[in-house]
């Protein structure tokens, strides 16, 4: 009755990959069939991640589509951008289901990808085939799909906070400004001066203002929601913490909508969707309130003095912003309850 | 076959209590039947803990043994020391199973309790009845018990690191020195200048040198293991982090035992016990490698120059040092697999 | 030629007061003549601040204007809002110079104060007399003044980042949105659940959206700069760090001004002002780059796609945002070089 | 009367070098004449350290003894171990005074250096010539010296805490166990997975147990103090903070010495030495109480139950543990007050 799916994880030695291992280890209908790393193939996964000692004892596989086909039904691709586009065609050709956590299959327009990523884009047919897996917005398209492109961390927090208001015409899309903040794990496990502890601790930084590669992904979805081309001002900041994203979003309210109007709109829009929680009490969500979990919490402030709404949206960048949403997508692809294996209570404090 | 147990949690608004909620929410054979708080009775639990929004929607109950009896089979008492001793008799009188997470029933000697806790001790019959629930050491006594005293956080990390060596005579018990370090959550949610963020962040403090109330608990068990009275030098330090304890322990090695001897001894001693992981590769465990999980990881350094062993033991103070071990005790009390509902992969990074 | 001024500090047991002690201890022309605390009078200052052991050995004085007159020439008032308004008249009546670090004398309009502070405002004559000591904007008025109201921390970072552009008409004042972030020391040393380490660490929070009491102070100065009433959208966030403020500011650019135009404008505006540093290299300042110092660093991003400028401004909230600027004001009041005693290199890392 | 000394800093792009710049910039009798970096020669120092913008505008010099001779009187060598030994002879040959902050000239025994550093040791004549600059212990030898080897960070905190007791015979030298903890800046600015923010934050690690290269340095001085060969158990731990070292030290007390005896002994020993502060009130120093300053604070606990003393010693590793003590050594070498340019109040909070 309850099929067990065998999963492979490419990029198991990155933070996204190792978070997939953590979450899939507790999923009732998934077996981790292969952990894959091109850079560390042959080594035990626990060698680089001692927290996995005695939990995952297998050796890392190399990237080999035929081998993966023999072991797995679905492949999570948690590689850097540029790599996934090269691997995916052979995985699909083997008949494997693919969930790509990189940015390689999110933008439908190859020119946009080249502009923002400065890399060779994936083939147009693959871009056309990939379903953009922002579950609460495009869940219907994900159901039954074989190839899903998992959204970026910033876009997930941002779009879940904006789409209902844009779709309903509650805000002027041209007025949207997004001030986003992220913990350091979002930059991955690669070493650089930029993630040296002594440079980050007790420090707050702005980076890539109007230049982050997640901007076209956000605009693609907002344009889809608005029915016309939307451009946004988008800033990213680095917070001295490991996990968590907050997007603080500003927009001009149309037609005298009130705080209660926004709360009602969003509660209706996300009716029945377990992982979006709308704050109703005038409080704003904080990142720790979703830490380690797949929730996205959203709060509002409507200011009559300025006619603007401020929308605050938080996620755990490694869960709802990466591994958790990828599993939510798997659940939808398989026709399961989207919350399967994901009903974690946030880790607090 | 698989009975479901109904659990009540007294002290639900403290960090230990709210961690019990997090862990029990995922336990396959436990229902959270009542969350109890004398200070906040009548309010929704999520009011003070927004991370529980839409997850736990019930109101907090007051402390009422008869009410608890009507709702629950087992009560976790996660109150401050001094309170548990007063509540427990009436809970036991109602026929409820009790797991006390406070320090009130750990010391068998009432005078010791008075000396270290400066409070009225529990009655001697309750002290005699309470099984000291350090699962990997006293698990046999816990199996089938109705009343368990859950160990302190420092004693858990320290004793799991020392008992095998003391029992086997590998170290001189009189030489033991324990240098312990804890994250801030160990001090609870009560506000004070001592846990003000700006006083703790980017700071490392020593406190209660030789005066911590966990000392007699440690010495009680070490004396039991050694077969003679043991006193120890015990220091506690506050680390600018939320979760985690490390005990670094020093002792004089007897009879030229080597690093390999220690590893073998501990691996044998903890054979079949899922939650103790012995590091074998010359590496030492770090607190984050057990974060959010019920593991206790232990490593060793034997120094021929000085004839001493250094033992490093880490736990998550809120899991293995409190709520996790309490559930492990429940599992043993019920005759279940001790790992039921506790096989979390540590949250890393 | 070089007079030594005797200074008293009321509110010496708060973070602003103790930072004044740190900075004044190194000022070549100031003697700390009295440290004052109504709550701890009679105790040694080092009792509550062990870092001052053997550095400041005097006892705390009570608030006594006549006593202060006998000891001091100038009084720094670093009390909570509401207290300064009550103390100041008697200090001025004694002929003491006063620098008020609280919010009590910043707003010229008593009704505004009541609306935002929910407290009894200071007398109108005192409000009229107090010079708003944002040194780089109103320095001319401060020179020779006897009574200065020291700006708030958020307004300092925000206004130094906005005023030149508003004055020059480079941005549309009606379009200004400020997304501000602060370390925890900004909330003072009083204990509360809101500054408990375990609640703040690894957490990022939004608070007081459009409701912060610094909003009218910002709008008062922006209106003055624009020559018409300006209202702003202003959000505040709490960063898991002790010191530092960043204001990220958004506005619509007028007349196709470029990045270079903004840099030139600001460099000209702040010509000769030591403590404002304009970043010219496309990089944005980070809070740690001004930590422990009196600098305000400002950077820009102009986005042609959206027609908006993003301005990033950082300060150390306890220095340029409080004690440092207060001393800078003293320097101006005394006719000294404004950098006297303040040429600290930021503490990095 | 007051000569100004011209100083060069080799290794200006490391944390020790940049801290020398911060401190020397405020020294009344030192001019920074050259900042030197072999890796970044020709670039402005502020390029890699934006906090120095507009403060230090010169370009980095290459390592060139003749050039340095033309510009400077004294050279601070803040390079990694192994490099200083190669550079120093030519600097001394030019007649420059040298203060070496690396470990290359601390151990008098070349074989010891090879064993612990795994590098080619300096020549024996240089080792003989170098004065070990632990100012409060060997200050008399430093006065007038031309070549000083600046102590390591761990040895500074540890030895200032132990030497008086060892010299006075208050403790048994064979019983000494040192449990040391350091912030991350101690590992330098080089990037590695070991100092990646996400790996360090909310984590506490033990490393190099009994294997740290500072052990022979500590034992060399303790042996000198004891008049016989001393070996110690020495553990190092990494604390999630940027600055600060605490050494918690354990030893068996001889002859029933009490807490008061220890306080008296240490107060007498450090009489007149500004930078050592002995805590007298039963409290223990915390690292933040010396942050940014040149202080070493020491506290004691004597335990009658075990007959042991616990000594707690804290420093800022980059100041008293590196740059500050180097300047203190310069002051002594020049015959100045040892506190010149170093009377900073600790930065708190």
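Letters A, B, C and D mark the chains in the order given here, with residues in each chain numbered from 1 onward.
In this text, a residue touches a chain if its C-beta (ideal position, glycine included) is under 8 Å from a C-beta of that chain, and two chains touch if they have at least 3 such contacts.
This structure is a prediction, so every number in the text was calculated from the model and none was measured.
Participant: Going by the touch criterion at the top, tell me which pair is linked by more C-beta contacts: A-B or B-D.
Facilitator: Here the pair linked by more C-beta pairs in contact is B-D.
Participant: If you average the CA coordinates per chain, which chain's centre is most distant from that of chain B?
Facilitator: In terms of C-alpha centroids, the chain at the greatest distance from chain B is C.
Participant: Let me have the rounded angstrom distance from the C-alpha centre of chain B over to the C-alpha centre of chain C, please.
Facilitator: 46
Participant: Roughly how far is chain B from chain D, centre to centre by C-alpha average, rounded to an integer in Å?
Facilitator: Taking the average C-alpha coordinate of chain B and of chain D, the gap between them is 39 Å.
Participant: When the C-alpha atoms of chain A and chain B are each averaged to a single point, how far apart are the two points in Å?
Facilitator: 36
Participant: In chain B, what residues contact two or more other chains?
Facilitator: 15, 183, 185, 198, 201-202, 240-243, 285-286, 288, 291, 349
Participant: Report the residues of chain B in contact with chain A in the complex, numbered from low to high.
Facilitator: Residues of chain B touching chain A: 15, 18, 21-22, 25-26, 49-55, 185, 201-202, 242-243, 277, 279, 283, 285-286, 288-293, 297, 343-349.
Participant: Looking at the complex, which residues from chain D come into contact with chain A?
Facilitator: Its residues touching chain A are 15, 183-185, 189, 191-193, 195-198, 200-202, 240-242.
Participant: Which of the residues in chain C come into contact with chain A in the complex?
Facilitator: Answer in residue numbers: 177, 179, 181, 183, 198-199, 201-207, 209-210, 231-233, 235, 237, 239-244, 246, 248, 250, 284-288, 291, 299, 301, 303, 305-306, 308, 310, 312, 314, 349.
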